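Shared between the two complexes below is chain A, which has chain B as its partner in the first and chain C in the second.
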Partner chain A sequence: MKRYFDFYASMMRMSVLEQWQYPVANYFYMIGMLAEPVIYMVVWSAVANQQGGSVGGYTPGSLAAYYIVWTLVRQMNIAFTPYGWEWRIRQGRLSMSLMRPIHPLHEDVAFFAGWKVVMIVLWIPLALALSFFFKPDLHPTLLEGIIFFVSIWMAYLIRTITLSLLGMVTFWTTRVSALFELYFAAELIFSGRLVPLSLMPEWVQQAAWFMPFRWAFGFPIEALVSSMTVNDLFAGLGMQLAWVFFGILVVSQVWKVAIRQFSAVGG
Partner chain B sequence: MNGLKLAANYLRIGIMNEFQYRANLYIQILQTFIALGTGLIGLSLVFDQVDQLGGWGKADLLAVMGVFTIMGGVIRAAIQPNMERLMDEIREGTLDYALTKPADSQLLVSVREFRLWTLVDIVVGVIVLLVALSQLNWRVDAWSVLGFLSSLVMGALMTYCFWLIITSTAFWFIRVNEIANLFEGLYAAGRWPVTIYPNWLRYGLTFLVPVAFAVTVPASALTGRLTLQTWLGALALTATLFVVARMIWRTGLKNYSGASA
Partner chain C sequence: MSSVISISKLAKHYQVPEREAGLKAAAKGLFKRKYKTVKAVDGISFDIQPGEVVGFLGPNGAGKTTTLKMLTGLLHPTSGEVSVLGFEPAKRPHDYLRQITLVMGNRNQLSWDLPALDSFDLQRAIYSIPTDEFKKTRDEFIELLDLKDLVQKPVRNLSLGERMKMEFVGALLHKPKILFLDEPTLGLDVTMQKRIRTFVAEYNQRYGATVLLTSHYMADVEALCRRVIVIHHGQLLFDGDLSALVEKFSAFKTVGFTLENPAADLSQYGDVVSVDGSRVTMRVPKEKTSAVTSRLLNDLSVEDLTVEAAPIEDVIESVFSVRKEALE
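Our next item is the complex of A and B:
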């Protein structure tokens, strides 16, 4: 256990130091990502205003809150991409990680977790600026705050797991970008990224319950922004936990089979 | 005209290159349809709630989406790949190879790459546009067609100038790849008419990043919203941006000191 702890601590420290060297690049990256939620926010606020002040239970103020929190959750969602897996497998880069006496996935999880620390620090001024322009309506309770904090890290784990599984398809075939694109499209619709799920048709909301996307994205935002019952909050956290355990199980089984396909030399 | 011949030659090479990777065509078709599908889902979610958005009806917004897709295709086929290559070359010092060629350097760096398969976007965009126009019971009218085509060309030129200006800053800042990412994010704003955005954002999308001129203005021409004033404004801004972009390119070039290639 201690060696994992040490590994995570050093890997995260390394990643913080590394990413802190490029604040400008990281900022441009973040600002580029802001455009998407701002567009959704403006469109849906316009709709809410035309509807007489609210749409699907959201007012312009709570929409602003939803999409500003969205920007943080989006940052938490960044994990090693399946395209990265493709590159890593095709170029044989994985060989190096396989030599180490620790599962290569820990390296990814730790590295991106460290990066998150930098991103959260850089995110704060952006969130303040967005709040200044869009006047969010946000009154979380202490419990909601705590659940939110736990759930964004769970969301990070769930997304890391699903993206890794997707990336591992590359062990069998290298023509995978079509699959990735389909995955990202489904994610856009079912996660609450495009619009809060309560604005979606009923069947989408129901389907979203049984898919990982919502638990990796929409749930933390809703926990903080909309007033969920205590039961719903803990049920959501439970679903996240279930996805994490189920995901770890699947990843470790798939990994055992997949790694036999890997045949790169050097790297 | 040597410049045209040069551009035509690079175009031919670019097309031949793309034919080596025909499977990419299918991936491009899939990508285009996914982008179109999610766009249409967004539109239909909005129109489940309201009949019009900021004075634009459903068919009007479909026309905007058509123009958005067409312009996106133009950018990804001809503008973005050239500028991304240029960014890399400035950083790595390999721009030397282009500069030593006996042609105008700005022309040369702007025509070297061409992605044929992204033209799928243009084809699909035109189809979406035609569907929108038929929903609007649109009649062929020489002025609006002329207004549309001319503002589309001006929009593409402005976008090119914007990219060139941004790319030229690599002469000073070296690493600017994230800006490409920034532009893609901002360009997505063009999916909706810029009139729905709050003032500060609308001005930004009009004058800082010419998304308004690239998408909203051509779509306005087809849906009967373009005024002569806007058209003249677009013309003036195109000319200004072109001159500014060329000046920045030249100044930047003097700053270039690649010596590693």
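Our next item is the complex of A and C:
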């Protein structure tokens, strides 16, 4: 355990150092990602105003809160994509990782976790600027704040696991992009990324409960923005935990089969 | 002494899809695919003793890198047996990975944007090296490779040779017992190649490590390896001392001499390879070397004369050109 702690601390430290080399690039990257939530926010606020001040219980203020928190969760959601898997196999980087006495997925998790520390720091001024313009209505309790903090890291783990599973498809075929597009479409609908899930049809909300997308995106936002009961907050956290454990189990089993397919084409 | 590397009838075969060109063949391929079996490694066997430095030679596509990848556990063999340090590499147990390293000349594992010292610290954490031991080994290697002034520069600002030296430090910090070196001097200038060779030799002597080296630079092989294993088309062609390889496959010797009168006709003595002022280099059939040198000394006014074995590159080339059947 101490060994893993030491590794995570070292890898995260390295990632922070690397990312601080390019603060401007990281900022531009974040700003580029703001367009999507700002469009959603403007559109849904207009709809709320047209319907007498709220839509599905969301006022323009709570929609602003939802989408501003969305921007942080989106940053936390960034993980190694299947394109990244393709790249690292072609470049021979996976071979070098496989030579180390530590699972390559630990490297991914630790590296991106370190990057997130930088992104959270960079996000704060952006969030303040967005709050200045869009006046979010946000009054979280201490418990909601704590649950939110834990749940964004759990969300990160869930998305890392699901994308890793997709990434492992590259052991069989290098054309995994089509699958990724399908995943992306499902994520858009069932996660709360496009719109708060409570504004979606009932069947979408019910289906979303049994899929990983909501737990990797919508739930942390709802935990902070919506007034969820304590039971719902802990039930959500429990679902996240269940998805993490289930995901680790599936990943470890798929990995055993996938690694036998590895042909180390890139070196 | 028991072998540290032992492979028996090792094979790696790939199923590669193939089809003819054109739309018709493409459409047909949708329903019925044809595959061809490529035998990258085809039943090779050898043993390596602790502390040996062995050159693993062969032309491009011979199966060298595929064999290295099976030895390091990156690839699962199609058939045959592999044992390295008593482990089955394909299972990649952590205890095994802690005792080996793979250095590839065209790959890097150091962070591009940070000084190499940061990457070294990550290696410490990955291999759970005690801090005191880590610092001692790191400083020892830095001194051996004369890197003191470079370790604090971002890796991206280093030259290719400097980066390669850093890669070696990073790859050896955990003091592996076995080094798999795949073209480690690729693209380096002569001075840097020599530096790397000296370092590998020093590491081998200090720590008694076993080294399996592939390189197209014969200077690497000559400087480091007493024993060579030659493969071609996935099959073993030769396994033995480098000197025996030269003796067995070198049909010629190189005779060099300086003439007082460079205008003399030399064609009757052998093939003239080069004439540089009064210095002449000739290629002479091995069995005629004594006779030719005697005649040269009798017939001409020769100032000095040297007889050398053919360059190792020429020997290796002749090995590859000989059919395998003829070697057995």
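Convention: the second predicted complex is superposed on the first by the 262 of 267 C-alpha atoms of A that agree within 3 Å, B and C clash if a C-alpha of one lies under 4 Å from a C-alpha of the other, contacts with A are read in each partner's own complex, and residues count from 1 in each chain.
As a convention for this text, a contact is a pair of C-beta atoms (placed from the backbone, for glycine too) under 8 Å apart; a residue touches a chain by one contact, two chains touch by 3 or more.
Remember, it's a predicted structure, so these values are computed and weren't measured experimentally.
**Q** Figure out whether A:M200 sits in contact with chain B (first) or chain C (second), or with both, or with neither.
**A** Only chain B is touched by A:M200; chain C is not.
**Q** Which partner, once the models are overlaid, touches more of chain A's residues, chain C or chain B?
**A** In the superposed model, B touches more residues of chain A.
**Q** What is the contact status of A:A35 with respect to chain B (first) and chain C (second): first, second, both, or neither?
**A** In the superposition, A:A35 touches chain B alone.
**Q** If we overlay the two complexes on their shared chain A, which of chain B and chain C does A:V47 touch? Say first, second, both or neither.
**A** A:V47 contacts chain B only, not chain C.
**Q** With both complexes superposed on chain A, which partner does A:V55 reach: first (chain B), second (chain C), both or neither?
**A** A:V55 contacts chain B only, not chain C.
**Q** Under the stated touch criterion, which partner chain does A:S177 make contact with: chain B (first), chain C (second), both, or neither?
**A** first
**Q** In the overlay, answer first, second, both or neither for which of chain B and chain C A:L17 touches.
**A** The answer is second: A:L17 touches chain C but not chain B.
**Q** Quick check for you: in the superposed arrangement, does A:F7 touch first (chain B), second (chain C), both or neither?
**A** second
**Q** Touching chain B and also chain C: which chain A residues?
**A** 22
**Q** Could you please specify the touching residues of chain A with respect to chain C in the complex?
**A** Listed in rising order, the residues are 3, 6-7, 9-11, 14, 17-18, 21-22, 92-93, 95-96, 98-102, 260, 262-264, 267.
**Q** Would you tell me which residues of chain C are touching chain A in their complex?
**A** Listed in rising order, the residues are 14, 69, 72-76, 92, 94-95, 97-98, 100-102, 104, 106-107, 109, 111, 113-114, 118-119, 121-122, 124-128.
**Q** Which residues of chain A touch chain B in the complex?
**A** 22, 25, 28-29, 31-36, 38-39, 42-44, 46-47, 50-51, 55, 133, 175, 177-178, 181-182, 185, 188-189, 194-195, 199-201
**Q** What residues on chain B touch chain A, complex-wise?
**A** Residues in contact with chain A: 23, 26-27, 30-31, 34, 37-38, 41-42, 45-46, 48-50, 53-54, 175, 177-179, 181-186, 188-189, 191-192, 196-198, 200-201.
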